[in-house]
Structures are given as structure tokens and as C-alpha cells.
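When the chains are written out, they are named A, B, C and D in that same order, and each has its own residue count from 1.
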Amino acid sequence: MVGGGNDAFIGGVHRMAARLDDRYELLAGALSSTPEKARASGEALGLERIYSDFQQMAEAESAREDGIEAVSIVTPNHVHCAAATAFLARGIHVICDKPLTSTLDDAHRLVAAAEQSQALFILTHNYTAYPLVRQAREMVAGGDIGSVRVVQVEYPQDWLTEPQDIKQALWRCDPVQAGAGGGIGDIGTHAFNLAEFVTGLEVESLAADLQAFVPGRQVDDNAHVMLRFGGGARGMLWSSQVAPGNENALRIRVYGDKGGLEWVQENPNRLLYTPFGEPQRVITRNGAGAGAAAARLSRVPPGHPEGYIEGFANLYSEAATAIEAARDGTPVPDDVLYPTVHDGLKGVQFVAACVASSRDNAAWVTL
Amino acid sequence: MVGGGNDAFIGGVHRMAARLDDRYELLAGALSSTPEKARASGEALGLERIYSDFQQMAEAESAREDGIEAVSIVTPNHVHCAAATAFLARGIHVICDKPLTSTLDDAHRLVAAAEQSQALFILTHNYTAYPLVRQAREMVAGGDIGSVRVVQVEYPQDWLTEPQDIKQALWRCDPVQAGAGGGIGDIGTHAFNLAEFVTGLEVESLAADLQAFVPGRQVDDNAHVMLRFGGGARGMLWSSQVAPGNENALRIRVYGDKGGLEWVQENPNRLLYTPFGEPQRVITRNGAGAGAAAARLSRVPPGHPEGYIEGFANLYSEAATAIEAARDGTPVPDDVLYPTVHDGLKGVQFVAACVASSRDNAAWVTL
Amino acid sequence: MVGGGNDAFIGGVHRMAARLDDRYELLAGALSSTPEKARASGEALGLERIYSDFQQMAEAESAREDGIEAVSIVTPNHVHCAAATAFLARGIHVICDKPLTSTLDDAHRLVAAAEQSQALFILTHNYTAYPLVRQAREMVAGGDIGSVRVVQVEYPQDWLTEPQDIKQALWRCDPVQAGAGGGIGDIGTHAFNLAEFVTGLEVESLAADLQAFVPGRQVDDNAHVMLRFGGGARGMLWSSQVAPGNENALRIRVYGDKGGLEWVQENPNRLLYTPFGEPQRVITRNGAGAGAAAARLSRVPPGHPEGYIEGFANLYSEAATAIEAARDGTPVPDDVLYPTVHDGLKGVQFVAACVASSRDNAAWVTL
Amino acid sequence: MVGGGNDAFIGGVHRMAARLDDRYELLAGALSSTPEKARASGEALGLERIYSDFQQMAEAESAREDGIEAVSIVTPNHVHCAAATAFLARGIHVICDKPLTSTLDDAHRLVAAAEQSQALFILTHNYTAYPLVRQAREMVAGGDIGSVRVVQVEYPQDWLTEPQDIKQALWRCDPVQAGAGGGIGDIGTHAFNLAEFVTGLEVESLAADLQAFVPGRQVDDNAHVMLRFGGGARGMLWSSQVAPGNENALRIRVYGDKGGLEWVQENPNRLLYTPFGEPQRVITRNGAGAGAAAARLSRVPPGHPEGYIEGFANLYSEAATAIEAARDGTPVPDDVLYPTVHDGLKGVQFVAACVASSRDNAAWVTL
């Protein structure tokens, strides 16, 4: 693991996610950009192979017989590119947090690095691995709602309603570390990715109106985006970090000419499905009405809630299966899905397009 | 009453709303543009004074000693202007369905007619008279959520997901009768009006992307609109008639720098209020946490749901109070609120701006 | 109308309910047991025929050519019997609030009076007239959930959590006016009636544990009751007036060997239906999945909420249809349903059985 | 681990729960009562120390220098006593699934064994370790709802609505393996334990009406129980395995003279709290309004749902802390809570009392 030291949040989530299904072992780490903190954090986790930076770690691990097979990169955004490249160049698989990079240049560089490498690159758009998100995707693909017309996706939070000086907030609001997009990069990319993942459609152009409501904030904390998808579907995306009463209320609604779907991250064990002209159905994770795609990623019976960590763990398990297939030289099963470096590039392009559109008074920008 | 014959929907609602609080008596009607239907419909309601058209009715009633004091106009949109003008010109108060008119020219004409008349003009944006909508408005005005930053308002339906040939659908999808806006005129105006009513802010400009998804439909059945309010707040408005699983899911969320509010028409007896940094509160109609504005418009104890007809009746009662005040030459109490002809003009301007913006590839249009 | 003076609650509801569908006209009243208040209340309603007591009213009205055809009795419980008898004896139809009477003796007396009269007796167990309660009943009768096994019904409130000295509370907590049952009589009878109405089953025996939690209260404010139905179904009934967070949270759940149903009064426009082994469906009032029984009692399209007053008005309209049929000598249509004096007797028997069981340490008592 | 072989359900949950916080290592197992299956299951998990029965395992492990420090027992109920005793007798800590045993005799035997042992005994009433259950307990203890009056607890499921012949169902419906209680033992004990845990009160007596609705079933699949708590509070408990539409809908509501609380397992990240006379508040896990007890057991920010596995893992972590304290000879911190063998005895006594009461026509039985 690179990043994820003592006072980080997402690093701990990655570790729990990796552990849950018992398919990973944490062997080495460069857990902070500050060498002392990297050491202290590594010791706190009982690591034996502690490195002071990712470069050193990539070199040392690739040189060992028993070196790591894969690395998790959970640093602030601006470090992703260099860190991932260091491992990819040495054939070590990379599991990397989103957004892919803080700049579009970095994103292209990282795509090139991934393409040149034999190693896999998995981007943790974790929401794509919730069982009922898979169910929704499968239903759209299977024609259950007909031809998609309208996509409403939103990710409101409230934690940045006032200025915050905790570490989590500081780097996310710093354009150097986070990139030009603030909320649109941190959570808007999740919403964007989810919309494409569930519908199987691609956003072709967008018009964005970004704001920084909190005085002094250098990046957006609220974003309104109109979307045009290939094939004619239209959508709206809203991300906000200043919407009191919303914690992590990622929500997607997809409407086609035969039906509609609705899913909410805060209660992810229910998927609302309405075939046009019939009563709404409540599909539960692993319950009646849920299909193979959801069941494959469920651990416990319906009615026993699974949540954020389980969804994240699903993505780690998908990655594990892909890594094992790579090790064995066998094909990855068709139903194993994970976001790739190309999805990551699209996310960074999405952020860049939103920023560009917003600067041009919400003019349409082609993706 | 003008319009509201046997096969209409909204006329019956107006009649129930007028009856509920026992402040109106239905005396006369020109209930259809077809004389035979006007007669049959009037007889079905037991009316004695049945007219074959609104012109005849306005003349005859204004000539009677015991002529009607107010008229409800519940025809398709394109008739509003002429009908309302006929009564206003004769000093008869007008309660008129929304949108104000089918064209902007008509809207200006009607404003002029109302300004020249001593009679009142009340537009039935009925959602403004739900007790908890009043509560929300009062809370925003009272500073409970601080300075407004973000407004998310939406009104999705699904009844026009497929082509419909019932009367209700036909005139609403006909630009001659409905105006250039389809869904944006029929339900988008409600959402627009509600956003302004609750926040006390005015939309200054908008960018709209309208679609007609159902083949052959001549007016929009889905609209995505970005809003910029005076004072810097931003918003999104979504109206749709092709969103399966939504019946009349009007919903407004308002976020300020101190808190957030959320209200949904389909379950209108709850208002969610989150002071930033505190748990969300569920304010119930007439229950703990609800103030005078909500209590004044409630009839039954909390927990006993009131609904659409009661909300509509509240507006009729507001109108009755204003009419009585006009009759007595006394001022209308401050807490009596109803949408005016000027609100109606703004609604028609909103529709025109959406249509113009959408034709110009969602460019910003000033309201 | 008898009872329902200025400071009463339910009288106003009856009047709105009677007015909503325009099938009643309020002509006369003895609105209070205090003659001055009766007069003042009558004048406030604009009544011309104001009586100082029900006896005088029954005599005078039955003597008039244009006397009232039906009377609403909305007094405290202990007056129901005498008042209803006075009108029934003179052939005037009676619409009477629940519970039927305050004592079992009175209940039997009133049944006898009703049986001897040509006039109709309608008891306002208003919840039976919610459209989706009818839907539920129809579904159970139609076998949609198979053979009923379990019935969970509850009616929690919180308004008597602390001692209250408003009139509404005082008579309800006075055994002389209310009867031996407090909450079990006031709201438990609704729950009991609803359970029988929806399932079509009859409670054969019960075991009840009643409490008066508020110090000094002479009647129960919380009741736990186990139910055994004919045919082998079992149930639980809970009524409470001391459950903070509950306003009028009447809720019924019925489970059979093929499916389950759930309905909640506070959001009465949704009925949850789960065919065993399939996803839960959300049936909306007048929407997809709702049948003729619900549609017949709906006024506005699905998604526009109807509530308590509409449900009450439905019962008044059922009564109106029955009264018209009686007037015309035609049969009442099969789908017209209203609670009768016999249902009322069962309610009073239910209260008596609960009180007796509770006094005998919750022993089983046969109904 | 003892039990939890290839086709078991709960064993896998225990393993994930133990793994999540990285405080356990799975070293040895007797995963099935069938030696071949025990071997196959152990190998599937990559175990090196595989035993064919728990007796052999207890002996061998206690003899090793590096023997296990604690054992998880996840067999059917009738094996708990003997298995746990084997380990306790050798000083190995026991984490055991509920109910404690299948018979009251066994329960007393196991209590004695635990009392004689230095080793700890932890019973996995996992629901007690949900963060918001801890929050609720803390609020009741802190007086937030005043003196407790009413407790409504229920655990409905639907999976046994029809006869099932999967292994999970077969042993649970077999009185030899499960004990005299069917659903009341399997899920009713959870509800009972939760009621006592949250309120801090003890059930003193109960009256139970148990049914086996599915033809041929030898144990209850539905139970209605009235409860009397020490101090005067009253309650109802409902457990059912035949309630279509319920998956694992464990729900508890507690009402005191100052407020009410409600928590539902299927959406465990919300706790509804109503101070009497104020609006209901929605306390979220780790969010505003949640206190130290909930925060201590939360891993991710509010709005990111945690679920069943996390709750289970919390209990494993509580156990780990207690085991470490025992190892170090230090006291267990006050806020570390887990159900003990005595809680387990109470659960078995509860089942026995329910069965006895039901056989005696729901007479009151003292606990």
C-alpha cells in the first residue's frame, strides 16, 4: 500500500476491503509521504517491509522473490500518476483510488504506462461493485427498462458546508493536490462513472455550472451538470459538498421507455424497479427479484444489510480474480468487472470538461 | 365555473376544494366549449344557471343582482386569457388554473386586464398552499437555513411515457392549446413557482435542455434546466412526464449555509429539516416543530394525513378571505398568500425562456 | 348534527367529510349539551334550526315536512345510545361516531333500537373507507395472500404521554363518558375493526394486558392484546397513547401462506404487497395495481395524496348511497360498505373483553 | 472454529467478522460433524490444523505451545454445550453462536463450566454490537427517553413460509438439534436479548402464544409474547418465520415518559429519536447526534452504510479486547460490552418459558 497512513481515511477502508474475503495479504507499505509518518504508520499496522517512498518500494519489492504482486495506491490525487507508473513499470498490478489523476496530462501519461505494462490497473470506483448496482446494470442491459431516455444522478454531501481544516478536507480543496475539480473530482466522478456503468451509455457532451460557495474555497463545492449521452439520452448530474442533511447520498435514477430504476447508496440493499404501468417493485440484495449479478457479490442473506465496506471488498475480489487469471494465464470470467485506467481517463476528462464548460458560462463541451 | 365539464379532471378538484371549507357556493357554469356538453355537465351538477360560453356567462352574471362574485376558470390554457378578461372587465374575481396563458402575448394582455380591474386574480399554484410548504417558506424567511445556496426542484411523472389519446393528454401535448411548453408548462411551472415561493428568491437566468422523447410529440415531455437566482443561489429543475415510477413526485430541496430543507408532494405531511451539524428533524404538519403558518392551514391533528384536495382548498380559502376583504374594503391579512397574475406572468416567461434557451442549445436566457 | 360544537374536533371532520362530495346539506343541530354553547355553535355554522338537545331536535325534525333525513352523532361516547335511539325511533338515519357506546348494556340497547327501526345506522370506523384498505380487503378476499395466518395491528399515539387537560383528553380519560376502556376504546376499537374488516375473519378470543401509565389516569393508555381468529389465524394488537414519536400511526400487516400486505394510515396512499418469493410491490391509490374497490373511492390521480378527510368522506358517501337506496326502495350496491350497529356492538364487546381479560391477569376471554 | 463447514451459512459470517478488524487468525478447525466434510471444508479454507471433531481439537490445541487462544463455535444448537465445555475446560476462550444451548439443562451445565473456567465466554448476540443499538442503550441509560414504559420488539422473517429442505432450515426445525423453540429460539432470543440490552431492564414474566403454521412443522414458526419488565414496563415480542415481505426485519421501539426510540436492523444506520413534544430526529451512525458509544464501533463516515458483517465484527473486536485484557491481566474497559454465558442462560430460559406458557394456553410464566 502506498498512502493510507495513520490519519488517512480511505486507506483503512482499502485494507478492510482487501481483508474481508481473505484474498490479499498486506506485506509492505509506503504509507505516507513523510518518512517518519510512513514508518510509524507501517509499524502501527505490524508491517515488516516499510518504505519511506513509493519509488523505493517499487524497486525493492520488484527485486524480491517474494515481492508484492499488487499495490494499493491511496494517496491524494496528484501522486497517483507517478506512484502507479513506478509499479506498473515493474509489472506490479495497481489498485488505485479515484480520480485517476489530478491533471489530464497525468491521466494520459498513466494510460500510456498502463498500456505498456503487463500488469493490471484497477480503479476503485467502488460504487460499481455494490450488488444492486450490478443488478441495475444487468437489468438495463437486458432491456428491462427499454431504451434509456433520462438519467438523474446526484451525489450530495454536507461536510464542507463550512470551512474545514482537517486533513481530509484540506487536500481535497487544494487544486494542486486534488486537481482543478473539487467536489466534481472527488464525488462528481463517482456519479459520472456510475451513470455510464449502469446505463452502458457514454456521455458525449456536457454543460456545467460549478460554484465555490464557501468563501475562499479554490475549487467547486457544488456542481450542476447537464448531460447528453450517445443514443439520445439526456441527464442531469448534481454533486455538492454543501447540502446540509446529506451525508453520502449518491443516488441514480434511470428511465427508459419501458420502465425505471432507482438506487440510493445510503440504503444500498434496495433497488426500486417500476415496469411502466405496473406497481413499483422493491428488489432486495440477494432477495427475490435479484439476479445472478447481484447474488455473485452478496455474502449474507437478504435483509441482513451489506454496505460500503462490502461493496469496496467486492471490487477487491474482482481485482483478485483478475490478478489470479493473469497469474495463471487464463481469461478473466465475463462477469468479473472493474473500472480500468480508461474509465479513469474518462473521469479526468469529465472533470476537465466540467471546469472548461463552467469557465465558458456553461457552454456545451464535448467529451 | 368555466370549463370543468364531465370528462375533465381538474374542474372536479376545484369544486371539491371550494366546497371543503364551506366558503363558496357553485351557482353558475359554462362548463365546456361545446354547448351541449356545457348543458349536460351543468345539469349533472344540478346547476340552474347554465351558459353555453364564458362570454355569455360573464355578461349575464354581471347583470344579475345575485350574480356570481367570483369565477373559477379551469379550461385548457389557451382559453384562460379571454375568459379571465371577460370576467375581470366586469368586476368579477377570477380564480384561474395555471399556467396563466398559452402565450406570452396573452399573459401580458391578462396582466393588463387584471391591473385595470378592481377584481382580484388568483392563480392556482396549489402546491404553495400545502401547510408544510408554508412552513418551509417561513423557515427560509426566518433564517433557519441561513443564506440560500442551492435549490433542487423536480416534478417527475410517468403518465406520458407512451402516447396517450385521452383528452387530458391530448390538449396538454397540443402546442395550440397548451402553449409552446409541454411538460415544462404543465408541471415545470409548478416547480419553478414553488422554488421561488419557498426561497423568496427570483430566478434571474436559466439554461434549458428540453426533449420530446415520445415519437411524434410536438412539445417537451422532459426538461432539464439550470437556474441562477438573484443573490447568487444556483439551482436545477427537472420536469418529466416520461419517468416510470413517478406519479406526481414534486420535490423541493433547499440548502443554505446553516441548514437544509426537503419536502415531497407525494407525502406532504412531513418536512425534513437539518440544521447543519445536527440530526435531521422530521417536522409534521400541525405537529411538533410546525409553526403558525402551517397550523393556520391545517384541519386535522398531526398524523392524520391531509393531501392534494386540502392543499387546493387552502388556496380557495385564502382567496375567499381576500375576496371578503375586498368586499368589506378591509386589508387582506398579512399571512394570507396566493399566487397573483404577476406570478402567472413569470411562469409564462419561464416557459418562454426555457423554450428559447433549448432552441439555442441551452444558452443562458435572462428572465 | 348532534355534538360537534365549537371546541370539538371530530365534529368539524364530519362536516367536511359530508361536504366534500356534495351529497349532504347541514340543516339542523344540537351541537352541545350546554344549551348556550349549542346555540353559539349553531350560529357560528350559520344554522337556522338550532336545538338545545338531541331529544328536542329528534322530535322537531321528525315533525317537519322538510325535516332532516339523517343525523350525525359526534358526542362523547356515553351519549351515543340515547341520542341515536331518539332518531332511530323516528325513522331518521343515524351516522354515529365510534365506539358505539360507553357500556355493553347501551350497546345491546342500541342494537335493539336499530333493529326495530327502518332507518339505517352507520358507524364511522372511517379507516375502513380508505381506498387502499378496501384494496387490501379485496386482495385478501381474492386469495392474493392465501390463507391468513398472522395479523399484526397497532395504533400508537403520543398525545397523552403526559397528563392533558384539554377537553378532547378529559372526556376520553373519564370512564363515565368514555367507558371502561380508554385508549382501547378510542383507538383500539379502530384497530380491532380494521383487522376484521381487512381479513374478513372474526376474533374469537383475546388476552389483554392494559395499563394506565400516566399517574392518576383512570383508564388504559396502553394495551397489549393477543388475538385468536376463527380459522386459526393469530394476531397481536397494540394501542397506545403514550408512545412518543407516533401521531396516528395506525398500521396493519396481514400475512397468509401466499403473501403479505402492509398499510399505514399516516401514508395511506401506498399498500405494500409481497407475493411470497417475489419482490415487494408498492400499490398506489388509484395507480397501477390498484383495483376497482380502491378506484371507486379515489378522487384524484395517483401521486396526488388523499388523506383522512377523504377517507371519512368516502364513508359519508357510502352512507349517502345507502340512504338514497333506502329512499328509493332499491338495493344497496354490493360494493357499498359501511360499519353497522353490529360492528359497533362487536367493538364494545371487544373493549369489555379486553378490560375483563386484563382484570383477570390477561386470561383468554371469548368474544 | 468448530462447525461452519462448506454448506453452512453462519460460519462464513463469523470468519469475515473475525477478519475485518484484523485481530484474529484462523489456525485450526473441526468444521463439520462428518469427518470427511470437516477435512474438505478445512482444506477449502487452507487450514493446516484440521480436526475431525471438537474433542480432538480441544485436546490437541490445548497441548500445543502455539495452540489457539480462542475458538468460535458455530454448530447447530445441540452441540454448543459439549463443544464449549471441551474448550473452556482447557482454558481456551469460547465465542459461541446463540442460542446458548438446545436445552435448559445444557444451559445450566454450560454456565457451570464457564464459571469454573478462567476462559471467557462470549455469546454472539451480534445485534447488540450495531453502533446505533449501542447509541440507543446509551440514550436510555442516560435518561433521554425518561422512564421506560413500553417496549415493542419484533423479528419477522419469511423464509419458512413454505416447507424448506435446505440444511439451514432442517436443523432449525428439528427439536432435537434446535431445542423446543423453533423461531422463538432462533430469532426470538435475539429480540428478547435486544430488548433487555437496549433498555437495561429485565423481563420478569411473559405470556406466549406459539404456533407452527406450516403443516408438519414440529417447532413454532410464529410467536406472540406479552412481556412484563421489572420496574413496570410492558412489552410485546413477535417473532415469525412465515411473514412474507420480511427478510430479517428485527425492529425495536422503546417508549418512555420523555421520549421514544426506534431502530430497524434492515436499515441499521439510522436511529429515530423523538423527545416528547419535539420533532423526531434521525440520528445517523457516526453522524450528528451519535455519541461515543456509536462512534467507537464505526469504521466509515456517516452516509456510508455499515451492516450485518460490521456489527458482527464489532462483537468479535469487543471479544478480542477482552481476550487481550485477560491475557495481560488488565481490566476490560468499561465500554467494552458482549453477551455472556449468563445472557445465554436467560435466552434459553426465555425459550423454555415461552414454550411452557404456550402449552399452558399462554398463562404467565415467571422468568
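As a convention for this text, a residue touches a chain if its C-beta (ideal position, glycine included) is under 8 Å from a C-beta of that chain, and two chains touch if they have at least 3 such contacts.
Keep in mind it's a predicted model, so treat the numbers as computed, not measured.
The interface with the greater count of contacting C-beta pairs, when A-D is set against B-D, is A-D. When you average the Cα atoms of each chain and compare centres, the chain farthest from chain C turns out to be A. Taking each chain's centre as the average of its CA atoms, chain C and chain D sit 42 Å apart. If you average the CA atoms of chain A and of chain D, the two centres end up 35 Å from each other.
If each chain is reduced to the centroid of its CA atoms, chain B and chain D end up 54 Å from each other. In chain C, the residues touching two or more other chains are 246, 273, 280, 284, 287.
Partner chain D is touched in their complex by these residues of chain B: 273, 277-284, 287-289.
Put simply, chain D touches chain A in their complex at residues 9, 12-13, 15-16, 19-22, 157, 159, 246-249, 265-269, 284, 287, 299-310. Residues 145, 149-150, 152, 154, 158, 161-162, 207, 209, 211, 213, 222, 224, 226, 228, 234-236, 238, 240, 242-246, 253, 255-260, 262, 272-276, 280, 361-362, 364 of chain C touch chain D in their complex.
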